[in-house]
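Each chain carries a letter (A, B, C and D) given by its place in the written order, and its residues are counted from 1.
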Amino acid sequence: MRVALVQAPIDVSAMLAEVSTASSGATTLFLGTVRDVNDARAVDGIEYSAYEAMARRELETIAREAEAQFGTPHIVVEHRIGFLALTDISIAIAVSHARRSPAMDAARYVIEEVKKRVPIWKREHYADGAREWVDPTRGHAEVRR
Amino acid sequence: MRVALVQAPIDVSAMLAEVSTASSGATTLFLGTVRDVNDARAVDGIEYSAYEAMARRELETIAREAEAQFGTPHIVVEHRIGFLALTDISIAIAVSHARRSPAMDAARYVIEEVKKRVPIWKREHYADGAREWVDPTRGHAEVRR
Amino acid sequence: MLFRAQLRPGDRPVEFFHMATVRVLLFASYAEALGTSSLEIEVGAEPRVRDVLASVRARAGATQLPPSPLVAINERYARLDDPVGERDEVAIIPPVAGG
Amino acid sequence: MLFRAQLRPGDRPVEFFHMATVRVLLFASYAEALGTSSLEIEVGAEPRVRDVLASVRARAGATQLPPSPLVAINERYARLDDPVGERDEVAIIPPVAGG
């Protein structure tokens, strides 16, 4: 199990290699990426910031919860912070397990919990020059992936 | 949407690039890999064979069903056939979507249906030299990932 | 295939059957059991999937086939009473294990 | 923090309060609203999270804080009536939007 906040682009192949084991029959990778429209506004990038020490701690707590719940010690989570352009990967979650259900369930658990608990924020940059902090609690259903 | 049966190792990075679009907020990748134990026997490789024309057709049908059900046109599925060693990728399913749930649900749908319907067979090579065709209907729960 | 001879009024119809030849594909454990991956099977007129299977069962090694194996006609799953045409490709499908 | 003087029998206890100084971290929209990412806040003895928040609310720009923002003490989510120690790091957490 490993979690990290990173500034550089996330290396997905390295993460897949990291969770690969001879006893894995299934590997799930989830990627969050910056998309061009949110709430019907054209987006051209997102600035991610974090309460870094706490974000790392929460990511680790979540990964340990997933491991306990689904029996999946082979979990790697990386969240990128800084300015990300369209299609850049903001989060990558890789999980492997002997069987497919635990691998899929664990990855899903991690992304759902990250969205609820990890102190990371994003400020969207819109094509019209405006910039706004995203507040998923404001009922902007489209903010949720 | 694209499906393929391949002989060469599956290029996961290329598949992720293939489903990536500026309007994707989430990408899911599922990998099936050859593992070292099945039904408590030590495995050192698996020979995959297929009724190739029908397997391609079924894969395509399944991908279209996922697309219709989850609104996910960006699906790529590759299944490898031939002899695979431990940790080799036998199937890769990549799906992207604006939001995460359809991407995850579609990938899961595809792998579940593949296991039920696509005419592909595997013959496990065991460390003791024996070789056996895997029959998931024989109640070998461990055969399922 | 069924041919009818030209009849005169009052004649009883006379039917000439000929045997249909169907190509059958075998895979994986079934191919191993029967020692081949394809067969040419002779069946009666208007054959159905069950007739093709019955004919395959007469072959050596076919005891390993289950009572109702999966069958496909022209790359699509079929039922036991689906009709089989002479140019159809019938495949007997062992339990699938892909993924 | 609370100090008690040495008492003689029959004396009423005399308590000497001093103001506690708490470090408060602000992030994202909250940091923007208050124009800073950290504050030193003076609060009364035995402060709780709600006291720290009340003190932050007195600052310019704090009207943008919601009635009950998420708060963490030393990198763990806390409740409004959790006690805050003088060396604790209190963070006021805007709605999270990671992933």
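Here is the rule we use: a residue touches a chain if its C-beta (ideal position, glycine included) is under 8 Å from a C-beta of that chain, and two chains touch if they have at least 3 such contacts.
All values reported here derive from a predicted model rather than from experimental measurement.
Asks: Using only Cα atoms to place each chain's centre, name the chain farthest from chain A.
Replies: Relative to chain A, the chain whose C-alpha centre sits farthest away is C.
Asks: For chain A and chain C, let me know how many angstrom lie between their CA-based centres, rounded off.
Replies: 53
Asks: From the mean C-alpha coordinate of chain A to that of chain D, what's the distance rounded to whole Å?
Replies: 31
Asks: Just the number, please: Cα centre separation of chain A and chain B in whole Å.
Replies: 24
Asks: Please list all residues of chain A that touch 2 or more other chains.
Replies: Only 32, 111, 145 qualify.
Asks: Could you please write down every pair of chains that are in touch?
Replies: A-B, A-D, B-C
Asks: In their complex, what parts of chain D are in touch with chain A?
Replies: 25, 27-29, 32, 72, 75-77, 91, 93-99
Asks: Mind listing the chain A positions that touch chain B in their complex?
Replies: Touching chain B from chain A are residues 12-13, 16, 20-37, 86-87, 96, 98-101, 104, 107-108, 111, 144-145.
Asks: In the complex, go through chain B and note every residue touching chain C.
Replies: Listed in rising order, the residues of chain B that touch chain C are 32, 48-51, 53-55, 57, 79, 90-91, 111, 114-123, 133-138, 143, 145.
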